[in-house]
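Labels A, B and C are assigned to the chains in the order they are written; within every chain, residues are numbered from 1.
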Amino acid sequence: MTKPVPAPPRAPRRRPRGGAWARYARALRTPRGITATVLLLVLVALALLAPVLWPGGYDEQTRDALAPPSAEHWLGTDEFGRDILTRTIYGLRTDLSLILTAVPVSLVIGTLLGLSGYLSSWFGSLMQRVLDIILGFPGLILGIIIVLVIGPGWTALFFAIVIAGLPGFGRLARGGLLSEQQREYVLAARTLGVNKSTVMVRHILPNVVDPLLVQASIYMVVAIFIEAGLSIVGLGINPPKPSLGAMLNVGARYVETLPSYVLGPGAVLLLLALAFTLLSDALNQAATRR
Amino acid sequence: MIRYLIRRLPSIVLVLVATSVIAFLLPRLVPGDPAAAVAGPDASPQTIAAIRTQLGLDKPLINQYFHWIGGVFTGDLGQSLQFQRPVSELIGDRLGSTVQLALLAAIFLVIFGIGLGILAGSARSRWARTLVEGTNTGFLAAPPFLVGLLLILLFGVAIRILPTSGEVSVLDNPNFGFQYLLLPALALALPMSAGVARLVQTSMQAIRQEDFVDLAVAKGVPPWRINIRHILRNSLGPAVVAIGIRFGDLLAGAVVIEAIFARNGLGQLAVSGAQSNDYPVMQVLVVGAVFIAVVAQLLTEITLSALDPRVRLG
Amino acid sequence: MGKQIGRGRRGRTAVHGVMALAMASVLTTGCELAVNQQGGGSKASCQPGGTLVAAAAQPPIPARVLAQGAANYFWVRAVFEPLLTVDGNDVTNVKPLLASSYKIAPDDRSVTLQLRDNVTFHSGRPFTSADVLFTIKQALTPTSPSDVKSILAGWQVEATGEHEVTIRSQTPLSPVLGSTLELTPIVDSQTYAGVANGSSLIGTGPYKVASYQPGAQMVLARNENYWQKGQPTLDRIENVAIPDSTAQLSALRSGRAQLSFGLTTQDALTIAQRNGQFEVLKTGQTVYPLVLETRSGVFTNKTVRQAIGYAIDRKRINTQVLGNLGTTTGLYWAEGTEDYPKGLENRYRYDPGKARQMIKDAGATGAAVPITIINNPVLHAEYEIIANSLTAVGLKPALIALAAPDYQQRLASGTGGNYLSFRGQNGTAPFMVQTNADLRLQGAHRQFTTPQYTNLVNQVIQAGGGAQEAGAVKNLTEYMLDEAFMQVLVTAPGVAVRSTSLQNVPIALGGLRPNESCLSR
């Protein structure tokens, strides 16, 4: 039996020119990057232009409830006679406004908390313990308490999403830190006299950022589910404002009679997830490791 | 490793004490009077006040806190305000159900998460990778309750092969118990496994570019062995962290899944407790959940150090 | 190196082999399918025995035996029985139960009830008039959840024989006797201490409590020594708590449950329409009012309050939220009662143009209208339509959605603001104005109070039947409609879903009476 011949070695990699930003910009020109960017831009544009494209707003109730898709209502009408397509786009608008603000904030704070262990080990340990507590808190309960204390609405959801995301980002950052801080290049930099915070930002951070970007892309979608879960117990975005999660909740009850109610928000959610996934993939491929 | 555990003990105790104070205070920050919920929808203010006294809620907070803590050491975890029963009894009734679901879901999570991740990370042909990634993204975008609902429609209504409502303990009847667990565990694990799979895949793709992989290829090591022994082992780190995080979710509240499949678990108890300001129940559940999360974190760090010798414990 | 390759390959194959073997064994060892254990019945003839599984959205609350509530709907009248029973769907239909007969004095201020002498509690102890006195005393304690406390407080109850009780009252008895006694089921004086936490639930009913899992379920077993021979028919009743509506539908469709309570009207109608195996069961009339804050804010002005009456599209609430099963006539009272003021129906018809004008004239355009609700899907849905209606006439509604402890506390302390609620229509007008939290004089949830209102309510309480009562109710209703401090939006029946395999399910005010319920198998 002959051993399979190994594939010929790949062409030697060229180290790309330019700093980190240039690398990320180049990443966006890959096929994945382009698809992701276009998709996201389309979705964001739809969301921003919603008041222009559908000036009637999201609360035009009529007597024609739960109507099947037709020329006038492409996805049909909901239980109060409102156009589902309109509400889907406005729901996208609400959700984007939440996740595009809350998730990055959570990412930044969480990463700083996780990496703080490098600067000061006792502060880092303390932060890890705080993250332990937040993480251990039963998720929906934490959300319910935050919303009930602040009062249901956009602000409460913002805080709920930020706080709930901290442990994920913090733990990943710390995990990466533990791997990287013993590596030769770090020890070399310290020997050369570079101070700790510069090492942390300039050297460790870029190498730790891959799983963080992946987690961020995942968390964008999870954040929508957090809002959906809180909507089930009546603590989500205040009606009549729509949100994708709340629409999925209600639509699930009509999945056999009016499937377009679920398909609309579901498809938009899928496209969002796809866009964020492709984006984080593209950015990851760009980052050089050494 | 024993030394590591002993070194961590003080911080664990610190976390538990801090958590007990937070678990005591935070629910009391939520506006509303639990006595009003107990009194019912048509009660007069006099009835509510009388019930408040009966439940011991007008004693000073410090007294209530130490009364609770003192009770914990003698095994009395407090008395639920809604049900007037010991919290330990309420939790004991539900613990088995939640643990069984969490364990099976965790097994599925590891299998599907790492399995899908390996498939995506090592797939050579583009269409295979696209297919796997497409499935993954699908799971990622699917809210847990929708997955549960679809599973109910498929296997409970369209093809009546699995039960979709209620539960039987695996300890009482392994066969039925497992059948009742199957759909809920899948509904719980599949969406979560997408996140884990993504982490594994990304790590594998990154590691694949390392020098030692080139060396192994040059040496003529077969591809699957490179994948498993070299790449996978080094890329499991973030996946282990993610699974550790998720395990806390699994145990402390697979709330939505329990609700859809009519399972009587801890998640339901926690939600009804939060909505009726049932302080004793919330206090115990929160401290318990944090404790479990801390243990899970310890296990994660130990596993990480076993996988990656560069990680030093502590 | 060759050895290592071999071990690796064998290792992988071994793992695959084990997995395949495991799956095959599970699928082929002829394992019983759990689904086959769950029954599904048909409309064939009724058989004695069997187990009824009833799914309720809330878990049982034993502490509220002496009150009316959805949480106890399926078990409390199986375990505890009142002296008189009132039909849940027709409050004028009063029948004796633990009392064998009763005679109201001509002046309508006292009644003598003869109690059955063959009734025993589940513990074996015989039921006597002392138990009636004990029960009423319990209902009057400060912490008691009883809805009819205020009426009981005005009664003098005396045991005038071992099986005879005489009740004396300052106010007319016949309008309130049935509902008050129906909502006060007889409890066992020796074991009542164990009722609050569910450790001992001893009553006289056709079923005993076999087991109770707090927050989850209650299992009832047939009472072999029930005083009515030949009853009950079923062997067991399992009352399980299933809060999620998807899960309730699952339980019904899979055959696990034959009865369910807590689905919204829309969901109940949908499953009944799509599936011939299920029918909708009406569980008594519920009133859905919007109560306005009259001490401050835009509704201090009577014109604006009246404008609300014209602004809200009640018919749409009825159709889109309550399955078109209700009426929108706008009166709080039960339609079948003899004092029902039919001429005052539909005072406020939907007319958004008129409402807009009235609001503009009062200078209230653009005013904020915060509305408080408890987190309940029906109230959420109601709010969406109300908000739409109010926005269309130039107001700015906002939602304040609260959990039970906050909502109940605010309403009871009079700080609820404008609120939406739902209340049972449990009796005649005199009964309701003494017990209903939106209407009564003491400890009410509404904030509106004037000497004239108090006066008119007292006249209704004192009227005592016939033309005088009808006249008093008419006066009160006219005043209420004119002052418009609350708008009764819809009055609609509550709904439960029952499988067609379950027969004979009469509903009393306090809940299901499963004495003669039976399953066909």
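Keep this in mind: contacts are C-beta pairs under 8 Å (C-beta built on N, C-alpha and C of every residue); 3 or more make two chains touch, one makes a residue touch a chain.
As the structure is a prediction and not an experimental result, all values here were calculated from the model.
Peer 1: Please state whether A-B or A-C has more C-beta contact pairs across its interface.
Peer 2: Ranking A-B and A-C by C-beta contacts puts A-B first.
Peer 1: Which one chain sits nearest the middle, judging by mean Cα positions?
Peer 2: Going by the distance between chain centres and the overall C-alpha centre, it is B.
Peer 1: Approximately how many whole Å separate the CA-defined centres of chain B and chain C?
Peer 2: Inter-chain centre distance comes to 36 Å.
Peer 1: Compute the distance, rounded to whole Å, between the mean C-alpha positions of chain A and chain B.
Peer 2: 20
Peer 1: From the C-alpha centre of chain A to that of chain C, how far is it in Å?
Peer 2: Centre-to-centre distance between chain A and chain C: 43 Å.
Peer 1: Hunt down the residues of chain B that sit against at least two other chains at once, touch-wise.
Peer 2: In chain B, the residues touching two or more other chains are 30-32, 145, 149, 222, 274-275.
Peer 1: Chain A: which residues touch two or more other chains?
Peer 2: Chain A, residues with two or more chain partners: 148, 233, 252, 256.
Peer 1: Could you say which residues in chain C touch two or more other chains, in rising order?
Peer 2: Only 246, 375, 403, 406 qualify.
Peer 1: Given the complex with chain A, which residues does chain B contribute to the contact?
Peer 2: Touch residues, chain B against chain A: 11, 14-15, 18-19, 22, 26-27, 29-32, 133, 136-138, 140-141, 143-146, 149, 153, 194-195, 198-199, 202-203, 205-206, 209-210, 214, 217-218, 220, 222, 237-238, 241-242, 244-245, 248-249, 252-253, 255-256, 267, 270-271, 273-275, 282, 285-286, 289-294, 297, 304, 308, 310-312.
Peer 1: Name, in rising order, each residue of chain A that touches chain B in their complex.
Peer 2: Residue positions touching the partner: 3-4, 6-7, 9, 13, 125, 129, 132-133, 135-141, 144-145, 148-149, 167-168, 171-172, 175-176, 178-179, 182-183, 210-211, 214-215, 217-218, 221-222, 224-225, 228-229, 232-233, 245, 248-249, 252, 255-256, 262, 266, 269-270, 272-274, 277, 280-281, 284-285, 289.
Peer 1: So in the complex, the part of chain C that touches chain A is made up of which residues?
Peer 2: Within the complex, chain C touches chain A at residues 245-246, 266-267, 270, 274, 316, 319-320, 375-377, 380-381, 383-385, 387-388, 391, 398-399, 401, 403, 406.
Peer 1: Chain B touches which residues of chain C in the complex?
Peer 2: Touching chain B from chain C are residues 5, 8, 12, 31-35, 37-38, 55, 59, 61, 63-64, 67, 69, 142-145, 147, 149, 196-198, 213-217, 240-244, 246-248, 250-251, 253-254, 256-257, 375, 402-409, 412-413, 421, 423, 435-437, 442-443.
Peer 1: For chain A, which residues count as touching chain C in their complex?
Peer 2: Touch list, chain A to chain C: 59, 61, 63, 65, 79-81, 148, 152, 233-235, 238-240, 252-253, 256-257.
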